[in-house]
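Look for chain A in each of the two complexes below; its partner is chain B in the first and chain C in the second.
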Partner chain A sequence: MSEKTYVGKSIPKLDAREKACGQAVYAADIQLPGMLYGKIVRCWDHAHAKVLKLDLSAAAKVPGVIKVLGPEDVTQKRYNTGVLDVMVPEEVGQLLGDIEDQRIFTDHVRHQGDAICGIIAESEEIAEIAAGKVKVLYEPLPVYLSAEESSRPDAFQFDERKPGNRAFQLPEQMFPGNAYGWGDVDVEMAKADLIVEETFYLPKVKQCQMEPHAYVAHYDQTGRLNCWTSTQMPKCVQPKLARLFEMPISRINLVSTTIGGGFGARLGMVFEPETCAMALAVPGRPVKVQSSREEDWVASESRHPGKYWVKLGVRKDGTPVAMDAHFTTNAGAYFTHASGVAFTAGSWMTGLYKFGSIRYKGDTYYTNQAPSGAFRGYGNPQTNFALEQIVDRACSELNIDPVEWRKKWHKGVGDDGWCMGVPYSSCALDECLERGAEAIGWEEKRARYASQSGTKRRGVGVGVMTHTSGAMPMLLEHTTCTVKMNEDTSVVITLSCSDLGQGAHTVLKQIAADTLCIPMDEIHIHVNMDSAGFDIGSHASRTTYVGGGAVIKACEDVKRQLIERASIRLGVPEQALEIKDQQVVSRNDPEKILSVKDICRSGVYNFTNPETGETNGVPGQIQGYASHFPAHNSPPFGACFSEVEIDIETGEVKVLELVIAHDIGRAINPMAVEGQLEGGAQQALGMVLTEETSYDKVGLCRNNGFTDYKMFGAADMPKFTTILVEQPDPVAPFGMKSVGEAGPVNPVGATANAISHALGITFTEAPITPERVLQALQDQKVA
Partner chain B sequence: MSSRVLPQFDLLTPQSIPEAVAMLAQHQGQVSVLAGGTDMLVWNYIRKVKPAYLLRLSGLDDLDNVNYIPGEGLRIGAKAKVVQLLDNPDVAEKFPALFQAAETFATPQIRNMATVMGNVLRGSPAGDCSCAILALGGQVVLQGPEGERLVDIDDFWVAYGVTERKDDELAVELRIPEPTSTTRSAFIRMTRVHEDLAKLNVAVCLEINQNTCQQVRISMGCVGPILVRLKQTEKMLVGKQISDGLLQQLAASAQEEIAPIDDQRSTEEYRRQVAGVILKRVIEKAIGAH
Partner chain C sequence: MRTKMITLCVNGRDHRFEAPVNRTLLQALRDDLKLTETKYGCGTGECGGCTVLMDGKDSICSCLTLAVEAEGRHITTVGGMTQDGELHPIQIAFIEEGAIQCGYCTPGMIMRTASILANNPTPSEEEIRRGLDGNLCRCTGYEKIVQAVQRASQMMDTTQIQKSGGMGQ
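The block that comes next holds the complex of A and B.
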């Protein structure tokens, strides 16, 4: 490709100023005439209970209350907040056992925070007062907080369709033996010289997106249900709402608002069903529903916690002959992503190393925790914790350098990818490992920290990963884009890709600007669900890769039309024309030239000369269009190096430095890529060191807020070095690969490995808190 | 249960201290004083309190200062913000424990809002400024209908969240005595992440002469319902040369003297395990051994 003006440049996010100045309009900022306020009344005192009696009479009498809605006052249809049903064929969904098991308001509370009724009032204050007057009689039911508990034969059954409370296991018809992988693991394992086996435990961590969930819905005079939402996937939520409320899709209009962070927290539906149900109850009047952070925490989805068993067999020389793995995850109270995460968690392992044989089993159980769902990385960070530590354990026992082992055994070009059947198109992991190792001073530090004394012990660790760019081939993968040329050559791009705050729209404009050779500030992105075509949403690390691909195609379509018209007007064959500096010019005759502006302008202002009957150009405003299905998923790889210092008298772990070398193919916006890696690392470090949503014995959440759920803040972050390894992917637009979901993955494994390098102890349970470290040190008599 | 909506209350804005005291007396027991609000507003949102009245201090003059008066000591007005401790060179030089507590305290945003007095009046065993002040010693000046009274910081906290202040009294000033040329002090806290309440905090103030400790006050937080002085441990130190051996003994004694519990921030066991370690470290920090 030729020299680019925008692609490859660190252009600041276009919405940064607006957001920093408080000008961005979030759903919570929306005020509409006649607007009412809805409150979702939740069960706060029980994690599992039957509602025996719900008395709304006192609440209904509070002055200013417009309506109270119990479970019977809204649709009786069930739903699943996840969106797999929209993105896989129905037969596949059935095979996977996906079910709809949620209700708008329930009389069977399955987790603390389950919604039991709704109140619509003139103000939020009034709704709140009325909520306090709702009288509920509960019959407590047994509470299960882990798969071990809920899978016991005598346990209460959550759903008759899911015996034993097993929400999901890999289906026998697709995966014989309820497992996937290759080779005969039992036979190969027997050939191993060394077998390392461990069970790891991963915590329930929360996305902690900045903006708590908020919506406005309005069932308007035309009979359309409008919903203002910061969803990550408007075009998938639309059909889901249509189905839930039994309305045609044409009568559901989603309005995307500014999104205050997604990270998976806005994947699929969240509180849209409750909000829309309230709006339908008061036709003509908009209803706003806002949640507090504490409410958002207990009622919306988090990362799947679980138990990750792995057993690795290796030869003396390190050859990984067999890998046996069984991940049992905790779905929480509803099905949501029970199949999706359990399925992909194994693929991040089958996709990473050339195991001689591998068998992965994944299953998911209901419990009375808040539902688990999508969170940046979709299973990958959890897998990384288990996989990278078990690999290091084997390396340590065989005295093999972990970097060398990974260089030798990682998958690469031509190998079967994370989703089997789609081979890797590129892989720059060797370069990532080499440059990362050099940047952190791997060899010297590994040697120096091998024998230490004193109260501070240091360690360095490595973790690698691969991920996907887009959902192909597992899910439907499709983005539609329209590029309209105005008469002055300014451009409006219409699509429904959301900008979660990662800078998607900035990057899409960069791509369009270079493809069309038009300055970025003359390009506008228009996100309007009525005008925009289909898109599966901003997730699966796809927006730049797939959305960008769609933008390129639509821009190419514009260029094709420009050339077609120039050809007519200049009388030069299309093949002889090219676009340069906003001119269409003949390669053979530089005199034959027509400006893009002329073509665009005369297409719009097309006059007919009354005397000659001739027009001043080819009529018609130019619009480019693409309905893009990417042919590949160009997976990125990455190597993270982490250096830690542990105070062995207190067990405190300080992360001193992270080096992340990421195989980005081509960085469209290097600063944005770095931002993704740094932000991802912040989430990874929290998961491995400090974050966990915890519950008391009866299943009530102990830390549904930032007082006692501790994320890494700016002051906790280590020194950070990002290395963008740019080896263009041969099949990707501009050679690019993804970064968004990769961010929180391998700092997990690298940091856990660094800790074990420092202390010689493997921590099987995250978060690795000072309390756990000190205990382990005392058990092993290091402290 | 928390809410997005503040409960209803009347906001009182007295223009003088006597007026404030009169209001406190008039609505005895129904008024909460609102200083920076970093605790008080949170408690309102989470419905930990539901006062009928909030009395704010913004109309009161002369309570904003942090003043060092040679020969007397440090005076901290009831409206002085935590950040003011950091801006005052006398605090850094003469009251290092308090300066260090302010340095680690919360985040810049909170430090700009939170008052030092609010930290003391909140009566939390985790209060960082409070921990430093207990080690430095001092008094809380309370203004009530009968006039002014001074309560020694040692007697000020009576139970978790409960202080000596009566409902009709307004706390107006904190006084911390003048250090001598041989006074040394320091503060350390342990947290889960930087922005957090302490899981354990400790402050020490010693009179040191030729490495011999003449007097000492040790305060520790998050090891009981209120901030405590470790008086047994202090006794072991007075009159002694500070040595590694002695520090080990002090550490062991500190572990005995405390009564921590399990909570969200840490465990009883861990707090006991590290109490001695951080005591040793804070003494070393105060005397500049490290």
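The block that comes next holds the complex of A and C.
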């Protein structure tokens, strides 16, 4: 078998057949004997209120109700659904100021959908009926929907630990002046020939994973709390639940179900605390909690909306001498990822261009919106909307081609990466820009669309980005993997990496098959939280890169053991042996050969001759192991080109074509990579054109479902060209770089720039809806 | 709630059970018949995750259909597309084209595809896209789903579909 039989091939996902037959088991599909149904009762009528009186008596009397649980009936401990506490050392966590401010059931409703009590019943219907009989007396409190409102001195204080309702700002001890970057921005800005400045507004966008959050929990007869969950990060949720319920980690068992889409929606905990609290109240009986789409919408996290101010100073020749930026994000009602997104968003800016100087400030404020959290890209799509548009504005005023400007000023190999101090190991952005520009017909279209009349106006735009492959060294990066080789040389890989649907397990198996040189169908991936070692979870576009690195190391450990044993049996030094075609063979003497199967079989079926005392091989089953901490984060780059057509009578924007050229290093599974880019683009186009969770004046969500929240459908999507640029990264396993989180990033900037190209207007507010287009046209009197 | 004995013909088999009259077809399939391959995504007919085939041709949102309304009709779920372990060409096309990521929309997508092709065995790309527009997917950007429908259309014996008056059992 050649060395790369599987890596680089578009192999269908391992679980595709099961899914095509409807047999994949998602949490809501689980049926356990004696199972009860839990209903989280939420506040639907207020975005901010005190619960003065909670009367559960009528609900408890409904036949079939097993238990009703108020705030006092469950643990009083507070928690944070986010997982930063697991990922950084305690002292860093303290500097960042993450706090635990959520409760399982609360008497202080901080957003519509906050959980106030729980009902456990024999059926879902009974639980629903009982939920309708819960009587609550609320005292409404003032509602704040933006940072501007909640930061006013007289505003209600959400948390005494966070004065002024500022949940986060870059900590002074780490970043003097509460900013990071380099150079003296004030001095350099003064040297600019042109200064462009704008404030951009980002919408509250929902992950919209197709499977609404659902869980089963069971406090079993051995005293273990089992939770079936679609979390992206089982090994982080386990210690968090242990801490919340004051139980040892050994008594928390997480069972990963099939994940019906993640995109960050399942990063950390979601409704595991409520579900587990209910299970603890009925020992021995499993409890299932299925949330409705509306509940999922109002009670779980979203992308951080906010206000992004940017000021860019350039010389006449385009030299970007200074960038000043300030992102104020809206945390919503709880802390969750208040530090993470505001912190990280700027690094996608410092990492992208060679600014002469840059100063980034990030802060976050509490409001009465649903909590914000992690969403694929983690601040990068927000930055892309602001950064790529301000760059294009400067290019337009200086009459510089936006592609040429980017080619000249993007960072590359050896430059400081998104994480300062970690230089880029590779960069194929030039090739991405060149091939992308050619594919869309950049020069010809830029010229042709420069002067248009008529009711349909076209434009082309470009947007570039960089991201990361794992969060090293900012956050803990660790994956553990064991590779057990059976007596017939088939293999079981045990790890706890989650497959969100992106195909992580498929690519990990491809990597293992090529490392071990055995057929893929002789490898099984076993994901079990009891048997698998640590893995930080599926986030930060890390699973192929870090999980793959762990798989390679564990497979190499297997090979090392095979050679070690062959060396003993053949009497050949280890360094003279190699593994070829399932045989361990001497490089010097082809006669000295031993099959891998012989080694594996005799290791398991190891017999001792009673007369001679000799054995038929080296005893012990082969098992490779790796506890892998990657040495780098091999950031990918990418260039997206977007072509749009705008109807200036209706304001409607139609995206005609997207060309996405992605610096993948090496595509382990090209079909899966394309799927990530195409799917990511659907999310990006929604963010820039149609998607926004909106609230009325009293903070009630206007669109908590797909009826009034427009996600792109099949007919809305543009023509797609994906270009995988493969320049292997020198430090990455197999040269690979990430793609997952990159997907929804630069179609945002590219499409906004295309609209701007068509109309000559910079749209500062996303989504760029027909109403906003018409308003802008009216304001600017475009005819 | 008043209950009623209901007979549902699902994937060629009759199931008789007592259920409240307000039971949706989706609830009946998932909770009464334990056929969990049909998915709940929104409950309002917007996402298409619960799509099933009725009488081999029309796709419906089972979350918007009462179980009692489905009496006497032939319902096909994605579980009924496979016969004796043999995958239906639509299923094969979805697998091989990479049209499946998280898989949650897949049962509905496949049943919608069955309906599109039962009514129009050789749809244009535009007809496919318009046909799929009521089924949401957050993973794929639809590109590979559209390709899968095109491939399934090529793979299937169109005359067979027309003769049998539809798809499924």
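The criterion applied here is as follows: the second predicted complex is superposed on the first by the 779 of 783 C-alpha atoms of A that agree within 3 Å, B and C clash if a C-alpha of one lies under 4 Å from a C-alpha of the other, contacts with A are read in each partner's own complex, and residues count from 1 in each chain.
In this text, a contact is a pair of C-beta atoms (placed from the backbone, for glycine too) under 8 Å apart; a residue touches a chain by one contact, two chains touch by 3 or more.
Computed from a predicted model, the values in this text were never measured in an experiment.
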item: First (chain B), second (chain C), both or neither touched by A:G705; value: both
item: Partner, of chain C and chain B, that touches more residues belonging to chain A; value: C
item: Touching partner for A:Y26 - first (chain B), second (chain C), both, neither; value: second
item: Partner chain in contact with A:E771 - chain B first, chain C second, else both or neither; value: first
item: Contacts of A:E128 with chain B and chain C, given as first, second, both or neither; value: first
item: First, second, both or neither for A:G713, with chain B first and chain C second; value: both
item: Contacts of A:G501 with chain B and chain C, given as first, second, both or neither; value: second
item: Touching partner for A:G675 - first (chain B), second (chain C), both, neither; value: second
item: Partner chain(s) touched by A:S292 [first = chain B, second = chain C, both, neither]; value: both
item: Partner chain(s) touched by A:T690 [first = chain B, second = chain C, both, neither]; value: first
item: Overlap of chain C and chain B interfaces on chain A (superposed complexes); value: 124-125, 290, 292-293, 705, 707, 711, 713, 715-716
item: Contact set on chain C toward chain A in their complex; value: 20, 30-31, 34, 36-44, 46-47, 49, 77-79, 81-82, 87, 91-92, 94-96, 98, 100-107, 110, 126, 128-130, 132-146
item: Interface residues, chain A side, partner chain C - complex; value: 10, 12-13, 15-26, 28-29, 31, 124-125, 207-212, 258-263, 290, 292-293, 500-503, 671-672, 674-675, 677-683, 705-707, 711, 713-717, 720
item: Touching residues (chain side chain A, partner chain B) in the complex; value: 44, 124-125, 128, 290-295, 649-652, 690, 694, 702-703, 705, 707-708, 710-713, 715-716, 769-771, 774, 778
item: Chain B residues touching chain A - in the complex, by the definition given at the top; value: 1-5, 8, 107, 190, 192-197, 264-267, 269-270, 273-274, 277-278
